[in-house]
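Read through the structures below before going on.
Here chain A shows up in two complexes: once beside chain B, once beside chain C.
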Partner chain A sequence: MMRTRIPLYGTLVLLLLAFLAPLLWALSGSFKPRGDIFAYPPRLLPDPFTLDNYQRLFSGQPFWRWFLMSTVVALVATTVSVFVCALAGYGFAKFRFAGKRLLFGVMFSSLSVPFAVILVPLFVILVKTGLGSPWFALIVPWVAPAFGIFMMQQYIVQSVPDSVLEAARIDGASEFGIFRTIVLPLLRPSLGALAVWQFLQSYNSFLWPLVLVSDSSQYTLPLGLQTLFVSEQRQYDLVLAGAVIAVVPAVALFVVLRKQLLEGLSTGAVKG
Partner chain B sequence: MFPAPPTRRTLLRGALGLGTAAALTACGAGTTTVRTSGDVTLSLWTHDPGYEAFFRKGIPEADRLTDFRYHLDVTRAGPADLVTKLLAQAVAGRGTPDTIGFEIGSFPRMLRGDIAPRLLHDLTPDIAGVPGLKDDLLPARLAPYSKDGGLYALDSDTPMVVYYYRDDLFSKWNLPTDTATWEEYAELGARVHQDHGASLCVVSTVGSDAGQVVQSFQMLLYQRGGAFFDADGELVLDSPEAEETLRFLCDGLRTGFVIDISDYYGAAMQTALKTNKVAGLPMAIWYKNYGLLPNVPEQKGRWRVRGLPRFTKGGGVTAALGGTGFGVVKDKANTEAAVDFLLNTWLTHEGQVRRFTETGYLPTRRSVYEDPALNATKDDFCGGQQLFRLYRSLLPDVPAFYQSPDQSILFDVLAGNLLRAYRGDVSPRQALKQTAADYRDQAGR
Partner chain C sequence: MTTAVAGHARTTDQRADETGTARRPRRSWAPYLFISPFYLLYVLFMLIPIAVSLWLSLTEWVGLGAPHWVGLRNYRNLFTDISFHRALGNTAVFVLVAVCVVVPLALLIAQALNARGLRARDLWRTAYFVPIVVSPILVALIFGLLFDRQFGLLNSILRALFGTGGVDWLGDPGLAKVSIALVMLWRWTGYLTVFFLAGLQNVPKELYEAAALDGAGRLRTFTTVTLPALKPVTAFVVVTSFIGAAQIFEEPYLLTGGGPAESTLSVTMFIYRAAFQRQQFGYAAAAAVVLFVLVFGLSQLFNRLLGIGRASA
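== the complex of A and B ==
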């Protein structure tokens, strides 16, 4: 039995190495002197090992502020959007109201509109309405993603029985109370999956912060790391150190929500 | 596979370019109290910290020469990103900088429609107001940033293309360093490749961006006397000079005289340099500071620079590649202060001397090439060579580089067809004809 699985495990290990290789290379490079990063033949283990790249990353630019800005914005955007998506998805899934099909169709069709297309109009609207401050505006585009609403609507249709909601209503629960105490707990696996997806969307966002933020101390990580790379002297050493640190929040979130994420994805797959 | 489909960012640029001219009309010039003296904080956008350092050091001199006391608020982003950001801010009517550095390849987006005249201050009258300055500035470096008689940015450099070579390897392999023509060089290079596995010329290929792929060809094309666009922005690529240049590179790849590298600045080139696979290459003067020094600092003293070998059929001994033009956003409170700042840091004799000594960028004023201090400068990386004297001798051959609003389209289609020609899938003639056809199809002109 074991012998028959060797090819399978071997393939999986090779795939794992292929996926991990860029991360390992970045991790290794971040501890190498600049001149060794592209040394030939390449060495995986840094020799000499140095923390100089990290020291210069923290001392030469407002890296901690970039990190904080990205993480806080992504966490707030994720928290708000997960709640909004669940609420909107619940509305579309379980309520009848005039224009529901049209509204859902419009919302669904917006999935096909690239963000680049609405970038400038959204920016102009926020500026003209006085809501263009970075902390607020960096979060706004991620608050009600059509994909998240659609995902929640689909999950609620499949996983939340009408009979449970009717029973709660008969017991006198308010509509928001039903949503909070019955629907949200049932959605936990899909909320975890949505949270990870949403966090990465906001955390990796580049174009929107680029247009919005001019003060380099308010840059997000992708924007800050880009400034290290695009100067005439491409600072691979600093970029690699920054990239390694940038991975941490995403990995941490995945570890925390791993169970919900896998459960949510597998549930969706089974019920397809 | 070729040409590559437009990226999201390319689409965004296009959308921004098309929409901005109309949107800018609605913005109009608001009432602005113009600052004419005193403390002023200029908002400066640039992609390179080197420019930031240069301008900061120039503040005392500008303070002395003007009625302003300058402070700088600097924003950094990628060259193309700066233009995207500028256009978006302009449409929104807030947040535009006072001064912005346009990397030359990003500036054509400003040439679309009337974006440049609407958004940027025309520096022509300011230049004319300084006695002797207009005639002193090199027309070749004004051309890329001009439109309909207006001048919208001042170049950072006269980025001549020269030939870098490893003096130690040339000595070791008994190679002549004064080979007169590219054709002789190609024969020499084929032998070098056969005997030592090294190449004497480089083209950028798969893996790099379209701009880099095009640059390899562009350098020699302009040296040969060809061009992408004429002064009216019309495509003139499909020419005998272009075909000859491309054939030269394709033949070089077959013999090994030319090596294909994925990135002039990255891992592939660093490896090739460290392992002596590249013993020489044509590149712009700034490549010493931004390509060789960061990648192979241990080869200090081994490199030398000379003028390019000539093509037998004609052309000059240099070309121009790169540059960054600094422009001023018009109709703002700080517009006058920003213009004065540029004139008194960027364009003074002392400023241009300092620019070369601090950043390695060549003056854009003819008279500065006579500066005794610059002519006496020795370059340690290049074995104590007096490079400035060489650059001064090449100055008459620097060709003008005209840009088109649709340059990015050309670069995308040209890069794909160049790669096909390098691989031997199509002939140089076919590649150029196809490029011209693709460009006209996509650009609609």
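== the complex of A and C ==
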């Protein structure tokens, strides 16, 4: 039995290396002096170990401002979108109403609209109407994701029993009251999953901030790091340090809520 | 996605009938209120932009002053624009890589992760998923370092093994495409694996037992039990990969700038370049409309062919 398992575990370990080695190498590189980043053979552990890249990043760049911008925008976008998705998901999962099929179809089909299609008009509209302030405009693309509604709807159909809703209605609870006091608490695991996903989408987004933000004091993290990356001498050392810090909240959030996220993501797909 | 939706709505309605929600006789505004925030945002930030895109695509506009109506001229120009042809072709290549390489590979890995008695399944799954969590900037940075012509790790390894490195991964038109494809592979495979693994774990064990009783071998079991059971997941994964790859932007923008000689220019990059680097807003909008028609049309077609949602109906 043991012998037959060796190819399986061998393959899995090789894959693990392929997926994680580049990231570990980046982490290690952020603690290396600039010259050592390209050294061959590559050293896994930095020697000498230095915090110089981080220090220069913090002193020479408005790094924390970029960080704050990204994080706050992502948090607001996440909160709004999770609420919108829970509401709509509940509406679709537990009610029968005229036009439901059509409205669901319209919502669902927006999954097949590439962002590049609305990129130009969204930019034009927001700038022309004076709503182009990054604090508002940066969250806009993330607030009504069809994917999230679909995920919520699937989850609610499976895990919110109609009998509970009926009982609450007989007790005279208002529809929104039922949603707030009964449905939302039942949804907690999948809300967590959706929240992580939405946070990552907004936090890692690049194209929309690239188009929208021209004032470097309002850069998000990816934009700020990109300026170091594409500058005359590619400042690999600084970008590595910055990228490592940037990835911390994303990976931390993911690690804490990974179970819900991985299961939540696949719910819709498995049920078709 | 009409099929998907029709199939889907039917299941929920049936379920509602069985459990009694549907018996509620009162006409209520409640469901409309629940879905209205979404539709408000949907109209403002999706429908109106699409309409504006259509209108802009019929104009010439540099971003200032009034757009100048030109009818179908932008579309005629796109038709003969070699850059746009290249962008379409490159994007098609990336889509093919996603659907024909990344998706099957994800299925294979999921199959390995589904092996009976595998230890630490969640740990593997989590680790493989990490690349999609990471910011595209970090991805571009890492792969920029790996692919670097002079100092890159790949070339260093080649030099050490074969004495010749200096492969111009990002500077040679053919290799640049390969490099971008490798990055896609690294970023997306683990993500898609999650969906396949969930699908595999949902296949009823009895089906495998029955296949074993029939004396079916591994390959036969895979084609007669696993693949049919995975159909809904596969359909979902194929369509999402298609839509994702059709709008690829960050990888080529950050790694190659679309070059060399536009060999990695994607449609999204073409749109970005036209609008925000060349101030051809109308032209960019026309390219966006073409992308919309292609992606939207093809994903409807895929849904119909693959029958998303039909399995649950």
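Throughout what follows, the second predicted complex is superposed on the first by the 236 of 272 C-alpha atoms of A that agree within 3 Å, B and C clash if a C-alpha of one lies under 4 Å from a C-alpha of the other, contacts with A are read in each partner's own complex, and residues count from 1 in each chain.
Here, contacts are C-beta pairs under 8 Å (C-beta built on N, C-alpha and C of every residue); 3 or more make two chains touch, one makes a residue touch a chain.
On a predicted model such as this, the values are computed, not experimentally measured, just so you know.
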Clash or fit (per the criteria above) of chain B with chain C on chain A: clash
Superposed model, chain A: greater residue contact from chain B or chain C: C
Chain B versus chain C as contact partner of A:104, first or second or both or neither: second
Which of chain B and chain C A:79 touches, first, second, both or neither: neither
Contacts of A:8 with chain B and chain C, given as first, second, both or neither: second
Chain B versus chain C as contact partner of A:50, first or second or both or neither: neither
Touched partner set for A:114, first chain B, second chain C, both or neither: both
First, second, both or neither for A:159, with chain B first and chain C second: neither
A:221 touches, of chain B and chain C: first, second, both or neither? second
Chain B versus chain C as contact partner of A:34, first or second or both or neither: first
Partner chain in contact with A:132 - chain B first, chain C second, else both or neither: first
Location of chain C clashes with chain B - one stretch out of 2-10, 254-262 or 290-298: 254-262
Common interface positions of chain A, toward chain B and toward chain C: 37-38, 40, 114, 116-117, 119-120, 123-124, 207, 210-211, 226, 229, 234
Parts of chain A lying in touch with chain B, wherever the complex brings them together: 34-35, 37-40, 114, 116-117, 119-120, 123-124, 127-128, 132, 207, 210-211, 214-216, 223, 226-227, 229-234
Complex interface listing, chain C residues touching chain A: 1-2, 4-9, 12-13, 15-16, 19-22, 24, 28, 30-35, 37-39, 41-42, 45-46, 48-53, 56, 63, 109, 112-113, 115, 118, 122, 124-131, 133-138, 140-146, 148, 151, 153, 156, 159-160, 186, 189-190, 194-195, 197-199, 202, 232-233, 235-237, 239, 243, 246-247, 249-250, 254, 267-268, 271-272, 275-276, 281, 284-285, 288-289, 291-292, 295-296, 299-300, 308-312
Touching residues on chain B, where the partner in the complex is chain A: 8-9, 11-12, 15-16, 19, 23, 43, 45, 47-50, 74-79, 81, 84-85, 87-89, 91-95, 97, 265-267, 270-271, 274-275, 286, 289-290, 294-295, 297-298
Interfacial residue positions of chain A with respect to chain C in the complex: 8, 11-12, 15-16, 18-20, 22-23, 25-26, 29, 37-38, 40-42, 83-85, 87-88, 90-97, 100-101, 103-125, 140-141, 143-144, 149, 153, 157, 161-163, 165-166, 175-176, 179, 200, 203-204, 206-207, 210-211, 221-222, 225-226, 229, 234, 236, 239-240, 243-244, 246-247, 250-251, 254-255, 258-259, 262-263, 265-272
